[in-house]
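Structures follow.
You will see two complexes here that share chain A, one where it goes with chain B and one where it goes with chain C.
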Partner chain A sequence: MTSPLMKVEDLSISFKIEDRWCRAVNGISFDIFPDETLCIVGESGCGKSITAMSLMKLLPDAAQLGGKVIFDGQDILSMKEKELEGIRGSRIAMIFQEPMTSLNPVLTVGEQIAEPLVLHKGMTWSNARSEARNLLDLVRIPDAEQRLGQYPHELSGGMRQRVMIAIGLACRPEILIADEPTTALDVTIQAQVLALLDDIRKDQGLSIVMITHDLGVVANVADRVAVMYAGDLVETAPVADLFTKPSHPYTQALLKTVPRADEAFELLPIEGQVPPIQSMPDGCRFAPRCVEAHDACNVAPDLSRGPHAVRCWARVERV
Partner chain B sequence: MTLTDTNAPKRTKMASLLRLARKNKLSAFGLLMFTLIVLASVFAPFISPHSPLDQNIVERLQDRSAEFILGTDTFGRDTFTRILYGLRVSLLIGLTSTFIAMVLGCSLGIIAGYRGGWIDSLIMRVMDMLLAFPTLITGLFIVAVLGANVVNIVLAITVTILPKFARVARAPTISLKEREFVEAARALGYSDIRIMAVHIAPNILGEVVVLASLWAAYAIRVEAYLSFIGLGVAPPTPTLGTMIRDGFNHILDAPFVSIYPGFAVLFVVLSLNLVGDGLRDAIDPKLRD
Partner chain C sequence: MTDLLTVDGMGKTFGTKRFLSMKPTYSVTALRNVSFSIAKGETVGVVGESGCGKSTLARCVLDLITPTTGSVLFDGTDLTALDPASKRKMRGRIQMIFQDPYSSLNGKRTIGKTLAEPLYVHQGMKFKDALPRILAVLDEVGMPRSAVDKYPHEFSGGQRQRIAIARALILEPDLIVADESVSALDVSVQAQVLLLLRRIQQERGLSYLFITHDLGVVRNFCDRVLVMYLGSIVESGPVGALLSNPKHPYTKSLRDAAPIPDVSKRQSLALLEGEIPSPANPPSGCAFHPRCPRASEICRRDAPALQDTHDQRSFACHSPQD
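Right after this comes the complex of A and B.
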């Protein structure tokens, strides 16, 4: 196996709520390999978005970070703002959920795509502009020449998300972090954007970290999947393994909540609620809702080793 | 920092501005009026055969005539000529001070809003202090202490209107910095200064320019006030305020001496206000076409 592009080690993110530090991300570790799509999946509020943000140290000052994010031999979390500015947008790029609001309304599409090229690659504006044109072709926007001079409000949602992708890809990053890039789009556009991302990844040989709560998206694009629950990374596996042999009780329960078209099924909701962040259990955070919970679950389990790793006492002997 | 060296976007921008001018006739009229006023003051020597300074006591306090189209003042100087030259001083002072106040005030406001915390408190408390005094009192104080000349009058007016720009720039900055495109800009590795100057500033430009045109009108009025109470540019240099004051002694027997410069102030202020309204519509890209 090739060596990872980025290693996340024991990452934790805490916020101060009513004078107490609450761990929104509870010591998670995973690797990002070259040339793969890693999906981080989980329900709202499980910490997947802030995990993605922390890969570029893009969190508000109020957040307390622990652990390491090793990229190119350096720990991103201990870098200074100036060094980070050299990496963000240039070697690691990010695209956001809301294409409607992620583009600056008063700058033209051309200016916004050209800006990172001028800043990071030292291109002149006219060179950057012709490169911007190529990028619009790459993300399959017709009439690229004309689009360059338009403002974001003149484009449709899917078009804007393509522009966001073009901006993200402008400097040929090694890692593209996509935070729910298709949530705000309708289903046909979603499929187009996912296909586009997949093609670009194969073309350019970059790694994509896709944050999503949509298991359908996961099945479509992922090479590997990391499942998060309430700030814990509960299971990581190659995508085929995850869908055929889900191991963690949460993953198993989660898959039963997805309607299927190929066989008769019964939708089973997961009983209970995610505990509020102020009163997370000390042990396994899923234990209060887990059908297999037992005494050992009062102590937090570790993530097992190997490509299909799971964090559960009930699976310790099996893996 | 724009791509306007290429032809396509420029043409569409010009075209939509023209279309806007057609739609917004009142603003177009204001712009025309303001342009004419500026041109008239710039080309004053070619327009009027009289000198703004030469006194001619024999012709004093005359009403309109073919030779003196707006009459003469207490020293027999042609009022129309003096208005043209007075506009030069008034426009120079008014526009310069507004421009400086706009640039400085917006920079301070954006920094305060973007950084927050103690920097915000420090900047805005200083602005509050300046705002706490009535603008005229602040202006009077500065001119009285430093002396009445063009530089100090510009300084006085700048200081009095700077806090208004800071406040107007700060409020939208606070909401803009939470918007996703600012987060996206940070994710692209842009520095704070770049984000403030390139990504936030253009977003508040529309509001600021409208405000600037209104405060430019105000600045011209303040210059007139200061001149009116004798703290303006020293005579015999004509300014609109001094001219109004000079005619004040004869307000009953020769009211026209004060009234025509007063109308000049009115027209400048009115045209600037009309232009401001039009600019607001022109700069907001959502209203463009």
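Right after this comes the complex of A and C.
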């Protein structure tokens, strides 16, 4: 088995709310292997986005970080800003959900793609510009030469997301973190962007960490999946196992709530709602909504070991 | 089944009028000759990508924007021909639920006040007299009665959408127009709200016009569906038949691009090239032809008309799928 490219060990992220530290991410561990797509899936507020941000230590000072994010033998969380500059945008890159707000409206597409090349690779602007042209070809934007001089508002949503991907790929990163990259797009454009990301991953041999709430997207692009609920990583598995043998009661319940375009079936909602972060239960955080909850759930279970790991007392023996 | 709502030949053109200006006028046709009907107790879905005119359609049905052409027959009365006073009366019977319950509820008003307003506007009812009906409708949507004195910010997205549903229900409408009403919700909550809407329909026998971009939701919630592309209906029919055997290549592309949460159905999501054209500058002939894998010469020249098939379906295509 290949060794992981990045190891996340017991990562916790806390914010101070009303003078108490509340854990938004509650001690999670996972690995990112070379040349794979890892999907982190969960509903709003489960901590998937701040987990992604923490992989590059992109969190505000108000956040208290615990645990380690080991990349290339070093702990990213204990790096200084200066050291991080050598990694962010060059060895680990990120693309966001809403390309309009993450692109600079007053710079041309060409300038924005060229910028990381100048900053990280020390290229001249003119070399960087011709490399930017190649990158636009890579993300399949037609008329690349003309597009270089355009501003973000002149592009459609799908084109903007392609530009974001081009910026992310500019320095040939080893890991591309994509936070809901297709959520704001129409399905036909989503399909184009997902196919593009998958082709690029195969060609360039990079790893993609995709944050999404859409289990349909997960089933179609992931190699491995990590399911999060209320700051806990509740289950992680190869994608086929997760959909055919979901183990955690939350994963099982979640799969029954997703309406499918190919068949009608009775949706089974998960009763109740995610507890507010200030009053998370001490034990398993899903217990208040779990149909299988029992006394043992008052103490938080650990994630089991192995490729298909579950964090649930009811599953400890079975998996 | 009798038709509750019949929309006939509806069109909507947005544009500037020339006034003391040398600039040429421009216009955007957002809706083009749209006709459909909704039976009592039926749920009709409208799907399509951004900019296809589905929200304009919803707003035209409610006359929130006035359609340029066409008629809206509601329970036998032509809404477009009514004087403002009678129109207002009819409006109590058609209600709307919006996408974003954060912006559609007034943050400075208690839930009780928000729910009392339709009763005051339409029936002149005072808050005190309205209270029993407010409490009853809160029960119906599964919200605690204590919500009456609370403000929207005290509730989660799913709860707010329940409140928005309560507001739509309080006038006991016959038709509810729901514009992407579950799109902003997490799936576990979305399922709760969909089941609530279905239960309400069974109990009250009302109809829904359900605008969404999510084919999964359509499949599980609607009886019939209209597929729109660039302002026109390109295909319509019963949900099951339409999605399992689409006639129009656009419907097929849309369906094949929708990711299914099932690894055994994993596929390279069938790719539709290109993007939806600008409605300000629509293509000649069939609006879908620049992206259509089956397009031929006639598609570039002539826009196909909607043709009916025997099984309550219709489609507008020169070379439909088998």
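Criterion: the second predicted complex is superposed on the first by the 315 of 319 C-alpha atoms of A that agree within 3 Å, B and C clash if a C-alpha of one lies under 4 Å from a C-alpha of the other, contacts with A are read in each partner's own complex, and residues count from 1 in each chain.
Following the convention adopted for this analysis, a contact is a pair of C-beta atoms (placed from the backbone, for glycine too) under 8 Å apart; a residue touches a chain by one contact, two chains touch by 3 or more.
Just so you know, these numbers come straight off a predicted model, no measurement behind them.
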> Sharing chain A, do chain B and chain C clash or fit in the superposition?
Replying inline: fit
>> With chain A as the corner point, what is the angle to chain B and chain C based on their C-alpha centres after superposing, as a multiple of 10 degrees?
In response: 80
> Taking the superposition as given, does A:T244 touch the first partner, chain B, the second, chain C, both, or neither?
Replying inline: second
>> Looking at A:E115 after the superposition, I want to know if it touches chain B, chain C, both of them or none. Which is it: first, second, both, neither?
In response: first
>> For A:V209, using the defined touch cut-off, is the partner it touches chain B, chain C, both, or neither? Pick first, second, both or neither.
In response: neither
>> Which partner chains sit in contact with A:A309 here, chain B, chain C, both or neither? Use first/second/both/neither.
In response: neither
> Can A:A287 be said to touch chain B (first), chain C (second), both, or neither?
Replying inline: neither
> Shortest C-alpha to C-alpha distance from chain B to chain C once the two structures are superposed, in angstrom?
Replying inline: 12
>> Show me the chain A residues, by the header's touch rule, that chain B contacts in one structure and chain C contacts in the other.
In response: none
> Which part of chain A faces chain B closely enough to touch in the complex?
Replying inline: 56, 58, 84-90, 93-94, 96-98, 101-108, 110-111, 114-116, 119-120, 125-126, 129, 145-146, 148-149, 151, 153, 164, 167
> Which chain C residues qualify as touching chain A in the complex?
Replying inline: 49-50, 156-159, 186-192, 194-195, 213-221, 239-240, 243-244, 253-273, 275-276
>> Under the stated contact criterion, what part of chain B meets chain A in this complex?
In response: 2-3, 5-6, 8-9, 12, 179-181, 183-191, 194, 198-199, 202-203, 205, 285-286
>> Please output the residues of chain A touching chain C within their complex, sorted ascending.
In response: 43-44, 156-159, 186-192, 194-195, 198, 213-220, 239-240, 243-244, 253-265, 267-271, 273
